[in-house]
Every structure is written in structure tokens, then in C-alpha cells.
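Each of the two complexes below includes chain A, the first together with chain B, the second together with chain C.
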Partner chain A sequence: MDRVSMGLAAFLAAAAAAATAAYAQQKDKAQEGIEAYREALQDGNPAELFEATGEELWKTPAGPKNASLEGCDLGLGAGVVKGAYAQLPRYFKDTDKVQDLESRLLTCISTLQGKDTKPYIDSAFGTPPKEEMNALAAFLSGQAKGTPIDVTPKHPKEQAMYELGKRMFYFQGGPYDFACATCHGQEGQRIRMQDLPYIPGNTGAAAGWSSWPAYRVSAGQMWSMQWRLNDCFRQQRFPEPVYASDATIALSMYMAATASGATMKTPGIKR
Partner chain B sequence: MGNPMKIRAASKDGVTEIKVLMSHEMETGQRKDANGATIPAWFINEVTAKLDGKTVMQAQWGPSISKNPYLAFKVKGGKAGDKVTVTWVDNKGDTRTDEAMVT
Partner chain C sequence: MKRIVLTAAALLLLGGPALAQSAGTWGPGADDAAFAQMLKASFKDRGIAKLDRLSQDETQAFCSDPVASSGPAAAARREEIEKANLATVKWPSDGTWMGDWKEGEKIAQSGRGNTWSDKADQPNGGNCYNCHQISAEEISHGTIGPSLLGYGKTRGTSEDALKATWAKIWNAKSSNACSNMPRAGHMGILNEGQIKHLMALLLDPRSPVNK
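Let's turn to the complex of A and B:
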């Protein structure tokens, strides 16, 4: 290459670098704007309204047995709600299964209240009776706000769920050949204006696991973690998972265990 | 009677900041449901706030206020221990009043 072309190439490279740096600066401003908007949203999170509804659902007797959910064991003993969400999913002896919050609530709704769980499983998110789960999730996750996530797979079934969740995370399928890892398997990825947390790492997993259930402002809806996972499947063009099925619990176990140590910030608020 | 509101009020340097989170669908009356029928308008159209028994703020709202509205405003005066009362009335005539104490 002669000296003129070398000079030209060097100039173009420098210009490109400068342009990239300028673009990066612009991106930071956009990020700053979003951060500021997020901060402003925190004050007066409508999730609080759902926490109040959830508390009522927890304490009000219902179902054929006319019982409240106050006798429900979420892992820390019957009726103990403080901090329980931060230790889910976990193994439960009475059902001999690893369960997340919503599958555990289904157990209690069935055994304590005598209700049929099929309408809860089959109905659409945000419609009765499934919408009750959003309120219950808001209330119960709020009771763990500020406590550290403490999920360490010890029981063989917990370890099996964790391993299954990890495999599922990397499993590619559907018409786009997407895996969870396609979006969440690399540091520094972004889709449109949404930063994508790196879930295999503690910080990234915590970004997700500590902030859901959350109130989504743009939709005016309270989303439970099961709803969020269901939407991930939809975004990947995967078949719809059954509500509170082992598939969803496995992924939850993988994320929760990876996020262990971080502080719960639930219920969160999203744009 | 509508759903309960969450009210927080704090007094500092002679100014009381009042924050209210209301629970309301705030349907604009412009949306259509799955069958194409217009979903009827249903929104808060009057808000009144009282501090220590005296009306300090009145608002006339319309369909542009979003669902589950969050309202924050500052009032000159007021001190810890004063009572804040907030009332809303919607276009269907439903109403809700809640109160809180200034911290």
C-alpha cells in the first residue's frame, strides 16, 4: 500500500473511532435519561396497590373449606411470609417437589382452601382467577424486600432442577432457533432500548430475579414472575409453557441460584 | 366506594409535600374491546386535598390522566401531626376518601 492510501486509511480509521466514541457518548445520555425516568417511577409504585390486594387475598377466607392462606408454608413455616420469597424456589417435603412461589400458592389454594386449581392454570394472565396470583406475588415478594436472595440447591431434586434450568437456558429451538442465551448469554447486549442482563453471571441474574414481580407502567399491569417467564417463551416464539410447570420452575431455580447473595428489590417497576 | 389510596405526607422547612397513589382504571372512553364496542369512559374527574381541615388543592381531571394515577404536590405550611385528607370523585359518581398524617 503506498503512503497516500496508508495515510487515508489511518485518517478513516481515526474518524471511525471518533464517531464510535461520540456514538457511545450519545448512548450514555440516552441511558442516563432512562435511569432518571426509572428513578422518578420508583416513588409511588402502583405495585403497592397490588400488595394491598394481595394481603387481603392472603388473609380472607375463601373456597369450599372457607379458609385463608395464612396457614400456607412458603418454606419458612406455616404462615411465615417475611423473607420467604427470597428463598424460593426450594424443595418441599409435603409435595416432594421443588416449587416456586406460584406453584406453592396453587398447592395451598388447593389443600387449604379446597379450590380447584385448573381455572388458575388455564385462565389468561391478568384475568380472573389468575390475576389473583399477581396480587399475591406482589404482596409476598414485597415481604422479602431488602432481604438477601438465599437459594442454594442442596436437596438432590433442587440440584436436578438447577441443572435442568441451566440446560434449558442454552437450549435452542423454535422457528428462530433462539435460546434464553441468545439474548441473555453475553455481556453488554441490548435489544432496542432495553439492556439485556447477562443471566449466567451473579449480577445479571440478580438484575432479573430481584426485580420481578413488577408493575409494568406502559401496560398498567402487575406481572408475576410466571407471567414474565411466559412472555420470554413468547418472545422466543417457543410453545407456551404450562403455568407453574416444572419447565418454568427449573428456569426459575437456575436464575435464583445464580442470583443468590443479591438483595431482593421486589416488587419492582418497569417501563 | 373505590379502592384505597396510599397517601404519604412529609413536612420540611415550612413546606409539606403530599404524595398520593390512587387505584383507578382511568378508562378514556376512546378504546374499543375485542368485539369492536367502545369501552365506556370511566375516570376520576375531581380531586380535593385538605390539610388540617382546610382545602389546599382542587383538581379537575380528564381522560388524559393515566391508570393508577400518582399525584405529588407541595403545600406551604403544615407540620408533623397534621391530617391530610384526599378525596376523588369519578364520572360515574363513585368516590373515595382517605387520610394520612404528616410526618
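Let's turn to the complex of A and C:
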């Protein structure tokens, strides 16, 4: 954590120094400062702490059935975690649904451990028991780090989910007429100083999909992809997406399939 | 402007037969009925952000299909939508166009308002710097919209320039059917007084935008 706050201090110093320079220089320096900061962040990711918590949650028997989650099938067979996250979302025969990591975890929490999943769905992000989902997502995403994203919709339900996700991406609503595409539908744009990935392209989709879940330094929080999407919709001025609902899984399918072939870098770290 | 509910949602409510739909932009499994059903099951009210925000007006519905809303074939429809949006513009009630550019700068800086974590009684920001360069001093600006640096210097303050700028802020879709810019006046994001301040930020010769 110390390295992180040093990185922040360095960033602030760079930004402060930049403020005294002439306009053009100022801009370059601020950009450089931000890049240096982002690089510094890669060195020592607090997400490791969440991965450790997630691993414990995965392996510790719990719930009415006093079972661990180790028998959970994430798509590569019961208990196989290596690389599984890089091949999600996918169709699961037992539920007859396309599921992302978090909705699949809810299935296992229910079937293997016998727990009621409603508190997991309804609780706020960062509070119990939802925070367990972030830790589990951090752990399982770490088990896919370095493996290629391999999501190609084949099953009709996977293909439908992809198409629904694409349509969701362009769906405008709310008082600002925003869609995901408003910010993520053109290449090379920024909101303030924040670069925006172009999601309909492989590079942009990969920049997003391969780096979440991520530790957010400014918030001091571990964010799963579901949390990331939830906050996108908040800023889009939409009503709140239900945790692990089909709209979120559809968007995930659209992003993951578009990102397919790129290397998973999870858990990531963000400003 | 008349608010329309998703055709498919209406059909679901009426329980009527699906209308013949062209295959359109969306592939198998993402037809209107399936999409409406997904929306209905996937969102919930939170704070001031209620489910009615997913009921699209005709502009939003048209612009949600990037294929059908672009290209020469859609030109006539785009023009209709622009006309309908232009008709919603409310012109200044007292004949004055400009307020205080300093207040305008504050509104341009603020991105708050209208999320489920905001309160309805707080004034909304304009979100302007999120997408536009405006004054040279603010280097933290977005690039989704064009740079507005020197806006008033290049355009002047003729009646035409004032009207065009007012219409753009009040309802950005009045001149570009599927602009990425929100319709600040039309959707009640900003009030008349706030829009006058933004007008001053862009057009007042004393504003840093025109230095």
C-alpha cells in the first residue's frame, strides 16, 4: 500500500509541477505524470489481498450443506479454476443459461453450499455478503491471468446473448440520452483525461475485458466486472442493473467475445 | 415531444401478435420482444433513477440503431427528428441571451446530477468539460465533443449565432439527430438561467474562452 501512496504522491507532484508550465508543455507533462503513475501502480497490486481472501472463501466449507466451492464447475469441469475465467461467459447445461463468473458463482453458492443467494444479489457492493463476490472474482480471475481470452458464441443461447449485448451497448435512454456507445463507440476519445476504450474493436474490448476485476486505488476497493458495469450504468443515468442480470451478462458476452484472443491480465489495477 | 414505449414492450402488454419485423441490425435472439423482456428483468428503480428512464422517446429509439440511423437512406428521418427537436426549444423568456460567464464556468466544470446517488433538489452540472475543451486554463477536458476554445471570437454575437448556440444547448438533437450531446434544456438537466450562464461562457468577449 505504501508504494501505492508514494505513486499517488509522485503523481500529484508531477501534476502540481505541470500546473506551473506553459499550456502545451503543461498538457504533455500532466499526461506523462498520469502515465508514470499508472506504471507505478503495476508494481504491487493490493488485489493480491483480495485474491487470498477469495481463495479462502473458495476452499472453506460453508452454508447449510457445509460445503466448499471447490466442486463448482466454471465451465472446464468441476473444480477446474485454471484459465476458466478467460472462457466466460458461456452456456451451462445444468442451468440452461449463459452465465458470467458472478452469476455462475451464485449458482454454486446455492447448489453446493445451500445458501440463499438473495442477500448476495441485493446487498450493496463492498458490503457483506456482496464483498465475498469481489474476493471470489479476484481469486478466480487471477487463476486465468496470462491465458488467452477464448469466448466464441457457438450455442444458440450464447449467440443470442452476444446479439442482446450488442443491442444493449447501443441502447439509449435516460435524461442524457446516453448509451454505452456514447462514450465507448468512437476510437481515441477521452472523458476529461480518462482514455475511453473503443469496445466494438478487439483492442478496446480487450483493454476493458482483460483488466477487470481490478483494484481501484482512488477508492481503495476491489471491483468485479459486475461492479464496474453497475457504475457505468450509474454514470449513464440509468436505473440500477440487477446484480448478475441478463443485461449485464449480455454486455459481458459482447465484450468478452469481441476481446477474444487477447491475454487476460486480471486482477488489474486502476487509478 | 411524445414519449413512446418500446414497441415490443407495448406488444407484450397487449399480448398481441408480433408485427412483421425486418431482420434489421440485430441478429437472432435479439429481436424487440427478447430485448424488451431482458430490459424489464434486468433493471430496478434506485433513488431518483426510475425504470421509466428506459422508455425511449422517438429520438432515442431511432439513434439506438447505429445502422438504421446512419447513411443516406436515413437522411430524411434524421431531418424529421431534428425538426421535431428544434420545435421543443424554449427561447429566452425575457429577451436576454447571456448571464455571467463565471457562473457558466462553474456549471461547465460540474458533472453532478441525475444519477441514482444524486438528490433531485441539488442543481445539476452541465458536464461540459467531460467532452469539450472550453477554456485554455482547464487542461483536464474530454474529446468526445469539438473544442470550444475561441467559440465566441469566431462566431460573434449576431442574432443567428445566439440562436444557434441557444438551440444547441437547449436541444442538441435540433441540429444533429444523433449527437452524443445531451439535450440540456429539453430534458430538464439545466434551467434557463444556467443556460444563459453557459451562453456567456461561450460568447461573452470577457470570457476566458475568447481570450
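To be clear about the criterion, the second predicted complex is superposed on the first by the 242 of 271 C-alpha atoms of A that agree within 3 Å, B and C clash if a C-alpha of one lies under 4 Å from a C-alpha of the other, contacts with A are read in each partner's own complex, and residues count from 1 in each chain.
Criterion: contacts are C-beta pairs under 8 Å (C-beta built on N, C-alpha and C of every residue); 3 or more make two chains touch, one makes a residue touch a chain.
It should be emphasised that the depicted structure is a prediction, and the values quoted were computed from it without experimental measurement.
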Partner chain in contact with A:A30 - chain B first, chain C second, else both or neither: second
First, second, both or neither for A:E48, with chain B first and chain C second: first
Partner chain(s) touched by A:A181 [first = chain B, second = chain C, both, neither]: second
Touched partner set for A:R271, first chain B, second chain C, both or neither: neither
Chain B versus chain C as contact partner of A:P239, first or second or both or neither: second
Superposed model, chain A: greater residue contact from chain B or chain C: C
Contacts of A:K166 with chain B and chain C, given as first, second, both or neither: second
Chain B versus chain C as contact partner of A:K65, first or second or both or neither: neither
Residues of chain A contacting chain B in one complex and chain C in the other: none
Touching residues on chain B, where the partner in the complex is chain A: 3-4, 6, 19-21, 23, 66-68, 70, 72
Touching residues (chain side chain C, partner chain A) in the complex: 25-30, 34-35, 38-39, 41-46, 49-51, 53-56, 59-60, 63-66, 114-117, 127, 129-131, 136, 139-144, 173, 180, 182-183, 187-189
Of chain A, residues touching chain B in the complex: 43-46, 48-49, 52, 220
Interfacial residue positions of chain A with respect to chain C in the complex: 23, 26-27, 30, 156-157, 159-164, 166-168, 170-179, 181-183, 185-186, 188-194, 196, 234-235, 237-242, 245-248, 250
